[in-house]
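Read through the structures below before going on.
In what follows, chain A forms one complex with chain B and a second complex with chain C.
Right, the complex of A and B next:
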């Protein structure tokens, strides 16, 4: 990105202070959201989300695996994000690794809960087929194709859409096996179970510029931030994860205020996202 | 596996000399100077061009011509089994080099001295012919970026199975173990810029297969020209012309 002059920086900061951003939006307004599902047919589920020039693709691939011994009644979910060089020249070679790791970890924290699996946004118990023996392993891959700020929120939305689009084949255990042995299974080619995504949270990132917070920041606006908080919120309004970025310290009361703003914004975004996903699935079915 | 049915149809219903369906779109990555999506059947790639811009590493700067760089990477989900390393492995490095050399020969580099042109190609879905799709996408992206070129570079692959030349192999046909000839072609100048082959082929058959691939390249060139013309009409319309 080309550097910003002092005049441009002041323009961005004052605009935000006056509730009129560079592209005409208000502080808590999102950019137009476009969702397409089923973009990668060979994956079990996939989606592409565009917010302005930020363009991300998420895919879900399901494979049969063995549950981990500490959690025999839950399936496993792995989230990994890659930043494509097409998004920015600085992602070439290993340049995008740091940002990709940051995104992967933030998504895992927001969607998968703790190591013990408690409090996960994605219901891993529904992935179990035979307790202790067979479960589904979901590999969620994100690819950042275009980057213009707010990539984390876009990825969260894309993962939610991709999971809505995911159909897991129905698995019948044909031969029950004694302890220590793998049972035989029959994986159906026709019957598919739609993954239940009603409990999956959306991620809302609030970026603090000066004394105000904005939602859905562009790269230019992010360059002027003092700090940012990403909060994942589910349909019930519960917080499923929280990440603070940026070095500047925040007063605790400010954080609490940002959380309540995020809850309000998150509810509207979730409704909009759900209707976009439904529309995308409907047009894909045609 | 029956690569050619008794009725003369391939596994996906095509005739031996038939190409897969082509689809292209320009300007898909707004931040890039030029970008394009190119699909050949189920193979889908995105190319983005950043440049001409200032050279990052001054030691590589050339005073009489532009520096062309290229990176090829495959998305985790692009193949049937998830690949662990999207880039940096030997195959990706080789294909990056091949694409760079092909495009560099075609760009009029002496018009842009002391500058750098980056071509990034990302494979979203791989179903055979990724190399060709990448070169075609790169050509469109370079055109979108307005970078001067001698000619459009187009690419297509051809193989030889069951004593028949096959045009535009998909992944299953490519895995059959027969030869896979990839050709890069300049249609107006009528010159071959890239020629690669793997597996083995009797010399007498090579000419036939290569000429078939060249015909494929010409067909791709016709399609690319249509897409560029349509894009220019759109730009003219938006400008109020």
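Right, the complex of A and C next:
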């Protein structure tokens, strides 16, 4: 990461305090969002999201699998993130692995809920085909192509867009088998079911610099942060997950305040993202 | 032109395409057959002994280009000049760079080129403004002048035989740049001009267009602290007055507006000069664009259209 001189750091911090950041944004304004869907035709669903220089691609691949014994009526979702070495100089070689695993864990926490499956953003019950026998396994992969701050939010948006672009083939159970054996299935090539994404949350990261919070921080602004909280919020305004980064501790009242700010910002971002996804799918259909 | 990444709706796409086509038609297409890509043969008269310069190679008796660019001929020398490349320094260029390392009797500066540049201690004015030999004490106090990660502007002194670039900062206008932001644009958009320092008094902004693609937009310091000898050596940055450290809101607005004008020009790939920056600045103010909206699709399209108009009117005036 390129360093900043003392004058530049002061400029960034006082800008945030005065509600006018380096590129003219206010504290709670996002950068222009650019969404493209269907970028990877081999995958069941894919999307590319750009926010300034931050560029991420998310793909969804679906395979038939057996549900886990503890949750026989739910499908499985695996999320994994990879940081390309070209995204930032510090990702060269194996430098991006720590950041990738941090992002993967944060996404899992925000979208998949706890280990027992309670409070998940993604509805896994819709992935079940035959209870206890067959379910859909979704492999969600994220690739960070360009990194300029706020990668987690971009990945959350890309996963939401990729899932709304995902078409799962219709599966007919042809031969019902007795317990313990796998039934035969017929996977349709023509009919596709669109994955329902109205319940999928969006991730909002609030970065605390000095005494103020900003949304959608660039790399320079992130270098000045004391701590950051990433909150995933769904359409109903419910919190699906919470992650904290940064070395400085936060007072509980500050966290509650940040949550309420995130709810307000998340609602607007969700609407904007939905309209961008709809526009992207419309232009892809042309 | 590389694809411009903005979410444009249909009308905006059409308008942008029309403006860019108009600019294309206005650009002088002299010697369009002189442009070559890699592995193109360069037509050359073999009877006159021809000197093969940069970007060419001999392949099977033919002179073949190894770069994408324009063929230039000077007497017997034939070379290929690439249009987009890393910064190629020339003596006298004004450069904005960031200090990477404080080494023995020199500072290493990152200037967005193939190699880091070097600023010798002897090429820098001492704080006490006396012309003297640099002593060991001066070498130990180098950090009081420039530290790591400081942004400075300097001039290219010479290019050494092994490719190292030497800078000099012996004038008042060179030195550390404080309180502002550094922008990075492709270096071929900043052409060499007479003036690279622009002090906009009416806006309170100091603008330095570095030939290497680094552009500094910052606050204008009216009172420059020249006598630094009396300052303590371990000056903590937090001890400077808080009130003095905050940029006034008006000036900050202007800084951000000018920075966004430069960003828009870089996105569209237009040459960055003072006139164009000022025009875009005034355009955004007259149309009451909020500073942040200047990076949106609508303003980009407006800038492209305005530039096409400006160039067509200037060619009409000339021709």
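Everything that follows uses one rule, which is that the second predicted complex is superposed on the first by the 286 of 286 C-alpha atoms of A that agree within 3 Å, B and C clash if a C-alpha of one lies under 4 Å from a C-alpha of the other, contacts with A are read in each partner's own complex, and residues count from 1 in each chain.
The working rule: a residue touches a chain if its C-beta (ideal position, glycine included) is under 8 Å from a C-beta of that chain, and two chains touch if they have at least 3 such contacts.
In this text, all values refer to a predicted model and were calculated from it rather than measured experimentally.
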**Request:** State whether chain B and chain C clash or fit side by side on chain A once the two structures are superposed.
**Result:** clash
**Asked** With the two structures laid over each other on chain A, which partner does A:20 touch: chain B (first), chain C (second), both, or neither?
**Response** second
**Item:** Which of chain B and chain C A:276 touches, first, second, both or neither
**Value:** second
**Asked** Taking the superposition as given, does A:41 touch the first partner, chain B, the second, chain C, both, or neither?
**Response** first
**Request:** Considering only the touch criterion stated at the top, classify A:33 as touching first (chain B), second (chain C), both, or neither.
**Result:** second
**Prompt:** In their complex, what parts of chain A are in touch with chain C?
**Reply:** 2-8, 10-11, 14-15, 17-18, 20-26, 29, 31-35, 50, 276, 279
**Prompt:** Hey, which residues of chain B end up touching chain A in the complex?
**Reply:** 28-32, 35, 42, 46-48, 50, 69, 71, 73, 75-77, 80, 82, 86-88, 118, 120-122, 124-125
**Complete:** In the complex, chain C touches chain A at residues 5-7, 98, 147-151, 176-182, 218, 237, 245-247, 249, 252-253, 256-257, 259-260, 263, 290-292, 294-297
**Request:** Would you mind writing out the residues of chain A in touch with chain B in their complex?
**Result:** 40-43, 46, 53, 55, 57, 59, 61, 80, 82, 84-89, 92-94, 139, 141, 143, 145-148
